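To start, the structure under review is shown below, and the notes come after it.
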């Protein structure tokens, strides 16, 4: 197995997540895509730590997971709030603020 | 050898699940796909010699987040409301193209990587003990900070969930 | 010799001006008149005193100076407020203060029912002040102060009855026309100053300049001379800047007498006489002066032939007489010029005042076609007017004869035959138009309309006395300058007192001699001319009841109208200069250039900014995907920049 | 085995942070027990912040690395901690009444403020990328809810949502960048990274490395809202409650810029050529876009959002020049901007109505009739933003542009000057709305103590920095020095 | 710290202190505010007279110098001091301000308190500009002073006041910001050259830079000042500002603010970059001459009196700049003196126009006619001021114009030839206006009832008239004060006599010795 492959892999994954964020309308799916992006980052960290023989990567992954968790918590809460008070689930329906 | 085969298969599945998660029409499916992709990621971690992280991955992501997502989706059955998942309008097209470009650059980058160190696993490198030990010593501060991040998350969630006088 | 009392000549009129100007409204007419006249009289007295002290000096030391203070001092340029009296000055002083005083007295009567009486006398005193400053000043800039000061006063006095638009316009015209002249004058001064400065001496003082003038190259002097003379044409109403003087008759008649006949308009002549040291070194410039003078003399005389407004006739006659003076100085006979200046001051002032008296008698009528037969109704006026008329038309024995003759003689002697011819013809015309005036005004049957005819009355003493005095002067004034030729007849050597008196001032000027025979022939010729003119006038306007005149008009109306409309010069100036200038200023410079270019550039940039803003803010569509797109563009470009550089 | 931690060496360096932590717990408890009158919680917060400021002053002058080089407490970190704490202080003062009006029983507002400040303080003192990221997230995750705090308003939620998702997106990029860097160098300690990079004979132009640097730069450019990563700013600023907007504009910017300064000056010093070139472009685009779009804004908060974008551009001008001088100028700019913007938003808070309206320019017309003093102060802030002497804004611009000119970026300076002429227009727009136009509405309510105290502090800062900037200038210089060795 | 040592600072900060004190006066107690400000400004004027008392016109260096460290990081100092030029301009400021306040006594109907206080702020700012010898200090005052003017135009101005105010502010700011860049550049250039970094004007005079650099820096300064002056193509803000501003505003604007531009040329732009200055000098002179003629011609056709006076300012300021460009003692003296003259006569004109406006509430020339009948005193004063502004000998205008013209003739005869026409045109437009307004019969009924000037207005005008006559009759003391300033200016700017000797040069050397003494 080669380092390059892993990097490319993580990159592909990251890009797929990116596409999701760029193109999905459903807020939930956008959030999912964000999670996927972070996960891609994790992949890179782990493989790097394997090849660099330093533990920072793995620790970093823990932190990233934590962050992801917290983020998702807030995001989902906000989604709920928006759905309840505005009935909006498509992100591009939020167009009150412009120019 | 086994490792390699395993790695490649895992990565293939990973990509597939990712793609499905992103492009599935129904949010529920996307969520499920995400969960599966997390499983594969965990597997990958194990291969890459980070068993503890793999465990954490399963516990937190699948155990917490996936459930959370599904819960939300089910609760407000958002899946109904997602009519046309992808919008084909100029901006989207352009972003497609852009992303493709970025991908190209990515491969270019990867090709450009020179003199890569050979990977090998030290025993117990990614073991719970080792990591735990380090968390308590060198990484004490990040560890504590992480707790505060979660705290902030809690505050944030409260902010939005509680009955504001607006609703 | 340094005498501090010289400044009092200026001080008294100034005080008079201030008193009447500030407190005049509160004071009674009597008081006002008293203040003004005393002021002028006091300065007249001072002048006389100084004149006596001056002539008590030996010939070559006849100079009184009085340095009051340093006025401007910038770098090496220092201009003192310094007054000086030399023979030339003293003559001018006597004329100005003397005639001025008489006219002041006359005005007391003439203006007595005018409501802004105080203002009138304030202005008059201010004029005296400025004129005296002009004459007394020992450097050209101080002279310029007086020069502009009299211009201001003439502006104020012409527009004295400012409620008449014509008056206001005339005043403005006078001031602006003079400004044009002054512009050239100043340029001349600058050129002189800088060319002296480049020789290392920066001075504008007459005496100093007279010493250093030889340093300056001749061609420069010529230009300077011409520029200064243009200034003179403005002030002394010569071609082409004479246009303001006829209109100036809008002012009260005494003003016309004082300013536009006796004193101010002669400033140009005085200036050239004062600068003689320069002009003798610039013969070309003198040439120009003489030619312009000659042309003006003839030109104005021709117009004078047909005018019907009594004051207009006199105005044109003034212009033409000034032309004579310029001929005089132009041919280098400065003293002759000044001599004519003096005599002219007497008889022209007299003519104007007389005209004033006539107008006064006819309660404001100025058109000579509505006069006639006034001889017996206002005898005194008639008498003095006649005297003046004889004097101006150069009848032997009267002032005008001597001065005019000496000018013509000098012109011929200096070889300017053409100019002599101009003057010669003008003499005829002068005699003609002035007697046309006399006959149409005083003789023949009355054409006065009835209701004015009722109360025609002789002017009061206060007006007639000055007239008489002036009459005496214009009759006898000439005898201080009897040509040597005539002096020899009675064996009176140095008969030409005037010239000898002025000789030290004009030392640089070179007189021309000519055989006695020629001179006497010329003299007889001009006498003949004068009589011819008088006779022609008598025949046409009295004997033949102007039938010939009428028939001439009918035969060549074009010429008549041309003359009547003063060769349409005003109209030409108007259409060629004034109108286009206004049009350009308003429609090109202001409404187009200023609004669209200068202002447009600034406002335009503001509009561009706003436009850019409206366009650019459109990228902020509230759409989330668009934001992501922008973000990704940024990511792509920066990563690409880093990676591919 | 875990016993031999030297506590003093643990507690001392993070004393201010610890005080804030304590404050968080205290106010959390108060919040739990007090049902109404939440402003009492605010008082606790103020106390905590005050103590924090004092303690950081007490720590001034040293340079202590702690937690196995996870953070280092030096003048740089302390100066910025004080700055953000002052910003927080003013914000809390301003929102005392506001919160009770708009969202009663919402005491955790103060908790969020505090936790975000905690995040910022760690952000400015972090010497390890892990800490950096965590602190950044702590800050952001507390700001997102604040931005959407007034849930009664749709725009508030919307702004918050956009901010959150884009923020997370940016974070992903940042993390990926860090991961790339890590994957090449194998360490996350800043100084180690700097050392390894500078030890290379050739400044290593490895493509992955470059991409990593670029992505990290992008991650932070998003936080400080440089064009084209600014898209969230107007929406979030307009949607957020007024005090929070001020806080975002002041503190978040300051902290994130501190991080950028650290990265540019220390970590990626070997890359300063490409970095400063990139920053050159970013700053020009940012100054231009921000000012141009702001010209036509009618909503004051949105206008100031764009203006804050533009100001980010001006600060970057300081970074472009890349030397200590430029960095300290950027710092000075940050400090002066903090005072100015918090002050302005204090006034905006006062004028904002409960339903979130009252931010239109028309609401400001004729203000000087009813509130002469208030409008005078507002004009002072506006002039300071426009950079007119004798205000802090002028000195800041002067400092920044002089640094640019010193390093030969005269063109950039001239461009900045020209854009600031444009900016003059819309700042004056507010001034003449207040002075030249006739009042449309009567704001009879009197200014509360909290707001007035906040305004006074801000005003003091603006005038002080405008007239006697020398002290702060030397402080910034000193702190940059302390960062460099 | 003593009165004499710190007199300049006292003069600068006295009004500000007054503002602080005045801020506590109740804004409804109008008379108290008016009297307070009036007395304070008069006091200010009296204090400034001490400057004249203690001013030593025999020494070339700056006087009343005060220097305290201000921003040591940059070596920026609170460094103030004056020479003859500054002295006269400061006096002009302190002289006009009380008159303006008295002049606006009853004209300001709303928000009196702010108005009168802002004027004192303005005064302080202007004096600061004229006194400061440190570039940054100068710049700070230079811009700080814009704000009060902006407000004065914007709050108490006419119908299009906002447009005018914004235009005034932004346009001026545009120029001065470029100047700021130049200042900073200069700072570093000097530092790189000599090793000492300083904004000290007197030190910076010594700097020698390559021509192209000088040209750019000079351009920046020149542009900024050209906008302020305003020089020909940059005058667009002036008519708007003048027309819209309240009377007091216009007076100060014309009287003092415009002088800051000319002052800038004389104190900063020219001496700092002599080489570039000499290279570009003919073009500036050209602009000045165009301005003279253009301003006069455009003024001639204006229907609005204020606008007319505004354009006439363009013309007059052209004279001033031309004088400064002659680089010989006469021209420069004239230029400086003309600054004062213009301040007096145009200031007076604006005051008078204001008085007329207060009575008729219109400035359309066509609305008037025959005023002289009902308002004789007013007409007289107006006439005197008019004459002074068209440069009639015996009044102040002449001295300045004469010196400028003769100086420019020495420098280059063509200058004088073209500029001289301005003298004619000046007479044309002023007299036309005067005639239309005052002469003729009263056609418009509204004019028949006009009241003549009341005692307050006469008191306002009297000092100005006295000055007008004084300078006209006995300008020597003023020229004496100016002399050293202008000669040292020439020394800085003039290329040392290597190039062919012109008349100017000789004047220069011929009066060198008297500068030594």
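Quick notes on this structure:
All chains are identified by letter, namely A, B, C, D and E, in their written order; residue positions are counted from 1 within each chain.
As a convention for this text, a residue touches a chain if its C-beta (ideal position, glycine included) is under 8 Å from a C-beta of that chain, and two chains touch if they have at least 3 such contacts.
Owing to the predicted nature of the structure, the values given are computational and were not obtained by experimental measurement.
For the pair chain C and chain D, chains touching both partners: A, B, E. The minimum number of touch steps separating chain B from chain C is 1.
The set of chains touching chain B and also touching chain E is given as C, D. Chain pairs A-D and A-B differ in how many C-beta pairs are in contact, and the one with more is A-B. Using CA-based centroids throughout, the chain positioned farthest away from chain D is C. Set against the C-alpha centre of chain A, every other chain centre is closer than that of C. Chain nearest the geometric middle of the protein is E, using mean C-alpha positions. Our note on geometry: chain D versus chain E, Cα centroid distance of 44 Å, whole angstroms.
Chain A and chain E have Cα centroids lying 66 Å from one another. Chain C and chain E have Cα centroids separated by 38 Å.
Mean C-alpha positions place chain B and chain D at a centre distance of 30 Å. In chain D, the residues that reach two or more other chains under the touch definition are 130, 134, 137, 141, 144-145, 148, 151, 158, 162, 165, 169, 207-208, 211, 234-235, 425. The set of chain C residues touching two or more other chains comprises 617, 620, 622-626, 628-629, 632-633, 635, 639, 643.
In this structure, the chains touch in the following pairs: A-B, A-C, A-D, B-C, B-D, C-D, C-E, D-E.
Contact residues of chain E toward chain D in the complex are 27, 70-74, 114, 136, 139-140, 143-144, 146-147, 150-151, 154-155, 161-162, 165-166, 169-170, 173-174, 177-178, 180-181, 184-185, 187-188. Chain B meets chain C in the complex at residues 87, 91-92, 94-95, 98-99, 101-102, 105, 108-109.
Those residues of chain A lying in contact with chain B across their complex are 1-9, 11-13, 15-20, 22-26, 28-29, 31-33, 35-36, 39, 42-43, 46-47, 49-53, 55, 58-59, 61-63, 65-74, 76-81, 83-85, 89-90, 92. Note for the complex: chain C touches chain E at residues 25, 69-77, 141, 144-145, 147-149, 152, 159, 162-163, 165, 168-169, 172, 175-176, 179-180, 182-183, 186-187, 189-191, 193-194, 197-198, 200, 202, 581-582, 584-586, 589-590, 594, 598-599, 601-602.
If you check the complex, the residues on chain C that touch chain A are 617-618, 620-625, 628-629, 632.
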